[in-house]
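Paired with chain B in one complex and with chain C in the other, chain A is shared by the two complexes that follow.
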Partner chain A sequence: MPNRIHPGLIGFTILVYIFLTGPLIIVIGASLSDTTYLTFPPQGLTLRWFENIFEISAFRRTIVTSLQLAVLATALALIVGIPAAYALNRYRIQLPSWLSTLFVLPILVPEIVLGFSLLKSVAVGFGTPIFATLLVGHTLLVLPYAVRVISASLASFDFSIEEAAVSLGSPPLKTFFTIVLPNVRSGVVAAFILAFITSINDVSTSLFLTGPGISTLPIQILAHVEQFFDPTIASVSVLLMFLTVAVMAIVERTLGLTFLAK
Partner chain B sequence: MTQPLAIDNLTAHYGTTRVLEDLSLSVAAGELVSLLGASGCGKTTTLRLVAGFLEPTAGTITLGGRDLTKLPAYRRDIGLVFQNYALFPHLTVLDNVGFGLKQRGVAGAEREKRARAMLERVGLATLADRLPGALSGGQKQRVALARALVIEPPLLMFDEPLSNLDAKLRVDMRVEIRQLQRANGTTSVYVTHDQEEAFSISDRVAIMHAGRIMQFDTPEVLYQKPANAFVARFVGFENLIAMRVVARDGANVTAEAAGGARLILSQERMGPIPDAFVLACRADGLAVSKDAGAAGLPATLGLRTYLGRAYQYQCESPAGHLVANGALSTPLEPGVAASLVPVAEQCCVLGVE
Partner chain C sequence: MLKRFAGWTLAAPATLVVAVFLILPVAATIATTFAEPGGVFSPYIAFFNSGFRRNVLWRTLQISLATTAISLVIGFFAAYVVARAPGRLKSILIIAAVFPLLTGVVVRSFAWLIILGKNGILNNTLTGLGLIAEPLSMLYTQGAVIVAMVYLFVPLMILTLVGVLENIPEDVIQASSSLGASPAATFRQVIFPLAVPGLIVGAVLVFTGSFTAYATPQLLGGERQMVMGTLMYQRAMVAFDWVGASTIAAIMVVITITVVLAMSRVARRLNPMAT
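After this line comes the complex of A and B, so read on.
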């Protein structure tokens, strides 16, 4: 009696799982369909839509651009975000409280507005190259996530640990890398993954900032859908998913391991 | 390589609030000095200034002739033990203890040998490979102690190191800390709000209040001869009676309290008595005599409580509310008129502030 689970709960749990995995299954299924139009369940099995991605040069180029953009924007956001999150937590009492709110502001601005503003003020105003403008946009887009996630990690960090290391003769900067960072490792990894996914999936901001010759994968997908309705779209989506998972796995392993190594 | 610490005319501010005012303190080589006071009295600020985590607005800090005042914290070479242990969560116990040696360039094998030897001394040799998360509070504080001691610092500082431990462990640990400190002869500064802890462990204690040192002396002197009303109250003198000398007869002095009650006090037994003074007595130093005409302060007894060694009475007298102890053999009832007789050896004379 005591450990019996209500059948309704089991049913509900199954529903949630279907809801979560359904889209993935449909996209993967559709990408394998041997038809010239999108359909599910797949009719026949083929990998030719995956081959087709690489035959279309626009996809080849935008995959590379998106990856470069996501990695660089995430890296920049971490380079700015880690010290910012550190300072916001370390000097919480001394700093005005609105300062931490400042780092959330980009989230409040609709992404599409962010993109349009950057186009008008940066790309047109200063005539910056397209990739550089995209990088600025994406960095702004992911910075709030980086700061928030790392802040959450630092909030439970006891800064007297840092003082203990300093008192034992470790200079402050070295202490940051050997004592503080290893203890907020999980936050940094989570921030990286969240920032990377946000960047690589972004449409709204990029929409205005892409230009002749340079586009991102989601924008290219959008352009493709406007003209074609073949399963290439599904296979690109699957590819994007696997790329993201691969990057997550790599980050998890390498960041995790280097931080653990003394 | 134990060294004396000198703090001279130290002043510190948090923003515009002054938290330390012209504080001077000298700790002899090998001595353990406690900074004792309620929270906000400036004791932790003093420790953080010496450690280099705060900058003073004025004053100097010297350790064995080395001026620390402008030196960054990581070059001060001071062993610190924190209230919350502050162990490195991602390093094993052995690496925690070896951390300071590593910063000093001690090579791997030698470092491990010395860290293990220190863990042996604090009785944790078997836990060397654990992570701090797997230790009890007492064990953590031992690791913290070992980590601070292994670098053989010329100065050790403790910031409320026992506050997070339970009462029994606290007593054991303070004995242990004192023994290690004695054996190493390390000059030490110990910050605490616990009077018993400070008195039991220290060579000298500085009682602090509002950013100043109220009195700095041995526990014995502080306990028996407080220098002022604040310290007297702090060390448990319940009764502070304002008095004024009305007659002097050689060594004997006749003094009057508010309400006109007179006492004859001996300067031979109590030291010199100025014309206006405060007589400080613990409840033990104010004996209850049921003979209302005895040479004491007349009072009406109130609530009686049992202390085990005596009865304690809350008393009302013309000189104010007083607390006095009476013999177990003669319990007295509330409302009785009695006389409270000061016991010269257990009272002291304070100047009027």
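After this line comes the complex of A and C, so read on.
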């Protein structure tokens, strides 16, 4: 190895990683504490705060709403995003170059501004139901992931395979589902996971769009922290973290995690 | 005939979604700030005439600039080590950076409430060690918001920069050291300049993210450390001053987009790999 790394740098990096993982370990520890207040290291071990999550109806309801929103928004984003990603690659010459920028606009515009604008123009303007407006917001929020990740895997797809199938008489739609889509499967899975995690953790877009009776889990956690400071919050946080681990395990299984570093 | 429009047909649904539900509503929000009876710029004059709101804008800029600078330094050195780590260790380090990134903002900010609170871990440890007599008030300070934001954005910075540092060809580094440059000189004169475009991308992500943040300043800064995001929420949902909230939204959009455009120009100009 021609380039040795200075030991000071290694020590620094270890400290950085302690800084990165420490707080999450503290949340897990605090969720297990047998005290009525949040503390770390935990005093006595109990799982009752996890049971407590499901005894609070607001958490039960918002967990369901958040899961529904994440699944539906991701599905909608994929339904409109996959054809768009395909068009961006297959018909590159026909389409203006600003179109790909348009699809990442939801990342460029501050989320909180998007949420507020949807409240003003859509929820109040047209009186759409709360859940529908939330779904619109979340679909926009995750659309860039659907388009960009799938576009990236389509970029390495050899479209002459598709042409071969079509010239041999396969109908276009069937060709897409049997030839193109299986080849970008890993991209679709990655897009799904990124979109799902983005939606389920979102605060800023949902902030203005939740209303009486309908809220999302992160917003409910924020509201709960302001009134109570008990380990239930830590256990809900751990629940969200476990969901992330589960989703990441699927990614790791299907395509390896290194794609996230790109 | 059909073929000529195939691309547009396929891209139409996504284009419509963005146009109808993003561009139009956000444009409407900004447009309403120019349609006030008091004059075209009256909401902006009111914003900048209020010492309180000027302070909020200034504080938000300070917090996001500090967060960006600290994350850049931490992220760059950590990413340098991660990029040079041997295979298996490297994947572990990348996963360890991805995991917090995929954990929600609320959860990660909440962790700092447990650490920095009056009876939090840090105060308990410091009093236990006899370093301080009374617990310090660390929550609801600018420092608390900055620490939590740095925590939020360092993983993003590491992942962005690992990708950039890995793309620096090994030959370039070897050439530099075989021509007699010390490791420190190679780092300063070869690796750092090649990483500048990546540093700019990372800085833009962190700056825009922290400038428009809501959950972290709300949890760790509260009313005392109001920033643009929390002020906007307060104007809209507590004071029902929608024009005021729209004005804050417009200022946020202008600042974010200006920073993104300006920095991507700078990145293009500074890229030493470009011809």
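Just so we're on the same page, the second predicted complex is superposed on the first by the 221 of 262 C-alpha atoms of A that agree within 3 Å, B and C clash if a C-alpha of one lies under 4 Å from a C-alpha of the other, contacts with A are read in each partner's own complex, and residues count from 1 in each chain.
Keep in mind that, in the parts below, a contact is a pair of C-beta atoms (placed from the backbone, for glycine too) under 8 Å apart; a residue touches a chain by one contact, two chains touch by 3 or more.
On a predicted model such as this, the values are computed, not experimentally measured, just so you know.
Student: Quick check on the superposed pair: does A:Asn183 touch chain B, chain C, both, or neither? Answer first, second, both or neither.
Tutor: In the superposition, A:Asn183 touches chain B alone.
Student: Return first, second, both or neither, reflecting whether A:Gly169 touches chain B, chain C, both chains, or no partner chain.
Tutor: Only chain B is touched by A:Gly169; chain C is not.
Student: So in the superposed three-chain picture, is A:Leu240 touching just chain B, just chain C, both, or none of them (first/second/both/neither)?
Tutor: The second partner, chain C, only.
Student: So in the superposed three-chain picture, is A:Leu105 touching just chain B, just chain C, both, or none of them (first/second/both/neither)?
Tutor: So A:Leu105 only meets chain C here.
Student: Tell me which partner touches more residues of chain A in the superposed arrangement, chain B or chain C.
Tutor: In the superposed model, C touches more residues of chain A.
Student: Going by the contact rule set out at the top, does A:Asp158 touch chain B (first), chain C (second), both, or neither?
Tutor: In the superposed model, A:Asp158 contacts chain B only, not chain C.
Student: Can you pull the chain A residues that chain B and chain C both touch?
Tutor: In the superposed arrangement, which is not itself an observed complex, chain A uses residues 260, 262 for both chain B and chain C.
Student: Flag every residue of chain A that touches chain C in the complex, lowest number first.
Tutor: Within the complex, chain A contacts chain C at residues 2-6, 9-10, 12-13, 16-17, 19-21, 23-24, 26-27, 30, 37-40, 79-81, 83-84, 86-88, 90-91, 94-95, 99, 102-103, 105-106, 108-114, 116-122, 136, 139-140, 143, 147, 197, 200-201, 203-204, 207-208, 218, 221-222, 225, 229, 233-234, 237, 240-241, 244-245, 247-248, 257-258, 260-262.
Student: Of all residues in chain C, which touch chain A in the complex?
Tutor: 4, 6-11, 13-15, 17-19, 21-26, 28-29, 32, 74, 77-78, 80-82, 84, 91, 93-100, 102-108, 110-115, 117, 119, 121, 151, 154-155, 158-159, 162-163, 173-174, 177, 183, 186, 208, 211-215, 218-219, 229, 232-233, 236-237, 242, 245-246, 249, 252-253, 256-257, 260
Student: Along chain A, where are the residues that touch chain B in the complex?
Tutor: On the chain A side, the touching residues are 158, 160-161, 163-172, 175, 179, 182-183, 260, 262.
Student: So in the complex, which bits of chain B are touching chain A?
Tutor: 51-53, 72-80, 82, 84, 86-91, 95, 99-100, 103-104, 144, 147-148, 151
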